[in-house]
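In structure tokens below, several structures.
In the two complexes that follow, subunit A is the common piece, with subunit B as its partner first and subunit C second.
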Partner chain A sequence: MKFLAMCSTGLGSSFMVRMNIETVVRELGLADVTVEHSDISSAGPDSADVFFVAKDLEDTAQGLGDVVVLNSIIDMDELREAVKDAAARHGLL
Partner chain B sequence: MLSRLLPERNIHFTDDKLTWREAVTRVARPLVEAGDVTPEYVQAMLDSIAAGGTYIDLGHGIALAHARPEYGVVRTGIAMLRLREPAPLLDRPEHAVDLYFCFAAADADAHLRAMASLARILSDAPTRQALREAASASEVVKLITEFEESE
Partner chain C sequence: MNSVLQNFLDVFREPSVIVGLIALLGLVLQRKSASDTVKGTIKAFVGFLVLAAGAGVVSDALTPFGDMFQHAFGVQGVVPNNEAIVGKVLTDYGSQAALIFFFGMVVNVLLARFTTFKFIYMSGHVALYLAAMIAVILIANGFSSWQAILWGSLAQGLITTMSPALVQPWMRKVTKNDNVALGHTGNFGIATSGLVGRLVGDSSKSTEDLKIPKGLGFLRDTTVVIATSMGIIYLLVTLVAGPGYVERELSDGQWYLLWAVMQAGKFAAGVFIILAGVRVVLAEIIPAFKGISEKLVPNARPALDVPIVFTFAPNAVLIGFLASFVGGLIGMGILVAVGGTIIIPGIVAHFMTGAASGVIGNATGGRRGAILGAMANGLLITFLPLLVLPFLGDVGLQNSTFSDADFGVSGLLIGGSVRIGHAAVIGLVVIALAAVFVSSALVTRRRAVAAATEAEAQPTH
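Right after this comes the complex of A and B.
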């Protein structure tokens, strides 16, 4: 199972989201989840099972598959719920 | 780590009503004056936001203005500007920002380390709130130092 955090450059916010997802994945004790980050233009539907983006990339991310849109990329409560939901959708919880 | 990159001289507060362009230019000023970034770096940040880059909006009224290292970073550094009145990115009310950071990393490795340390501190809800409430540069530095010592 792969979670991919994406932003426009693949340098800034996607890296922050990736770190925060990794923290939540550890908290929830999810096994077999890898977390990566990249710029959105180099991601395709096969790049990951779940894609995380901030609100500004909501439209661009359509068509990739299971896309999670975050209101704030530094809100751990929001992210925790989003990761929990994603894990449940994919039968990990 | 962060406390070293964000010294008191890089932290400013203003009561002025600013546009997002003025806010980005103002937050970067200490880095430009110290020679940490070139004026081209400031222009690159403005261009990238103008091109739709509201991705620098982290939420909770905080934005992290940055561009790629090759656009004019001489030395890795961070600066902060706290506004009394929000300066919404691209003048969009949904991107109201009153706490601007300018982030300049000299290379990819420095970039990731500084970004990681900023992400940890801004994602910690109590510290984030305390940072928003801080009223002086020395208070901000103290908060960050205490957070890093507690890790």
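Right after this comes the complex of A and C.
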């Protein structure tokens, strides 16, 4: 199972979201989840199982598949719920 | 014996090896498994070589652009783009830049630990670019490598700690809390936008009450944006230069308009490769920095990249970008009228820093604040890069330069003092360090007094 955090350059904010997802994944004790980050233009539907983007990239991320849209990328509580939901959707919890 | 030392020094002159060693140290400090440590070290080493390869691609596209611009307009044309210029700089000054980047993080953590400025600069990519600029300014103006690394790291640590502090008063208005800060080399322009908004704006008329059509999502696709904007610029300059000149001197007979489109595509491809390289290098280094800073600095406030504010005011993002770009066009118009080197608006910089300026300007001064604040940023990132160009040595002739306002301000300060003399740079760094500690002590005392007064006013129940 692969989670992918994305932003426009794949350098700064997606990297932060990725590290925060990794923290949540550890908290939840999810096994076999890899978390990566990239720029949104390099990502395709096969790049990951779940995609995480900020709300401002919602339109750009359409068509990738299971896209999780974050209202605020600095809200850890929102992210925790989003990761939990995604894990439940894919039968990991 | 001498040759052993020579071989050893050769290793340290190879920036990819230095980067690999920094990654290795970070992975060991994180107590990663042996296989993860080996993998991460190799990835960082190869990532740097990817970056260097991208630099060559960008350079191949920019050199003919410079010649053609010179032929068409008789002056140098410069496209500010961080990735484009940093590739070239890291090829020439990579070892020193990587060490300034690394020790700059150490200085950042120490300053955050021992002063009231608890900002940890998590935007590794712009920090790496800043280190590259500091390295080139110091070394191109006569500093030895070791002096450049010593004073450059202190300067780097000071800038990365204090730049988020500049924007924090306005950030609190946007995020409604004090837990995160903005960490980007556009901070000086973004803070200026906040100030402009406060002085001339009206925060009751928010940009977010406007109905603005969406559909500019393509602006977030960096590769598309760079290829398109550079395509327009290349085509315009090619048309002025004329088919005769281009096909004879540059394109080797290829149809000149196709050649122009191909060069723009190559520029975008080079930036794409550089971004991929930077991403791989940082992926192995930043998590260690994050982990260590969280352990060593209680109440640390991470300073994060500009998109963290974009979701707070989507309309201001678009308005800020457009206003900043208009500022860049006005600035270019002034440069054309004055004569001399032309700074062509770099679309990525105007988007990233202009959008953030729009959000901050809106928070302090509503619509008027967003528009005028972001326009001020657009003017700053046109004129500041021009003023820094003379300090960059040969790199200043690359037809590209560092694009954001912090590069301009810190480049001017460091470049200006290095021209006066090496002692001036050392004096500047020492005075800045002293100023940070003194102002930290003052802020702490003021807060203590405020807390004491509050405690007196509210007797315990």
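Definition applied: the second predicted complex is superposed on the first by the 93 of 93 C-alpha atoms of A that agree within 3 Å, B and C clash if a C-alpha of one lies under 4 Å from a C-alpha of the other, contacts with A are read in each partner's own complex, and residues count from 1 in each chain.
Going forward, a residue touches a chain if its C-beta (ideal position, glycine included) is under 8 Å from a C-beta of that chain, and two chains touch if they have at least 3 such contacts.
The structure presented is a predicted model; accordingly, all values stated were derived computationally and were not measured.
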Practice task
Have a look at subunit B and subunit C on subunit A after the superposition and call it: clash or fit.
Solution key: clash
Handout entry: subunit B versus subunit C as contact partner of A:Ala82, first or second or both or neither
Key = neither
Exercise for the section: Once the structures are superposed on A, label A:Val68 by its partner contacts, choosing first (subunit B), second (subunit C), both or neither. Expected result: neither
Practice task
Please indicate which partner A:Ala48 is in contact with in the superposed arrangement: first for subunit B, second for subunit C, both, or neither.
Solution key: neither
Exercise for the section: Identify the partner contact of A:Asp59: answer first if only subunit B is touched, second if only subunit C is, both if each is, neither if none is. Expected result: second
Handout entry: Which superposed partner A:Cys7 touches (first subunit B, second subunit C, both, neither)
Key = both
Practice task
Please indicate which partner A:Asp39 is in contact with in the superposed arrangement: first for subunit B, second for subunit C, both, or neither.
Solution key: second
Practice task
Answer with first, second, both or neither: which of subunit B and subunit C does A:Leu30 touch in the superposed model?
Solution key: neither
Handout entry: Common interface residues of subunit A - those touching subunit B in one complex and subunit C in the other
Key = 7-9, 11-13, 15-16, 19, 54, 56-57, 70-74
Fill in the blank from the handout: Per the touch rule, the subunit A residues reaching subunit C in their complex are 7-13, 15-16, 19, 37-41, 54-57, 59-60, 70-74
Handout entry: Interface residues, subunit A side, partner subunit B - complex
Key = 7-9, 11-13, 15-16, 19-20, 23, 54, 56-57, 70-77
Fill in the blank from the handout: The residues of subunit C that touch subunit A in their complex are 122-126, 175, 179-180, 184, 214-215, 217-218, 220-224, 275, 278-279, 282-283, 286-287, 290, 302, 304-308, 310-312, 314, 317
Fill in the blank from the handout: In their shared complex, subunit A is touched by residues of subunit B numbered 52-60, 62, 64, 66, 68, 103, 111-112, 115-116, 118-120, 122-125, 128
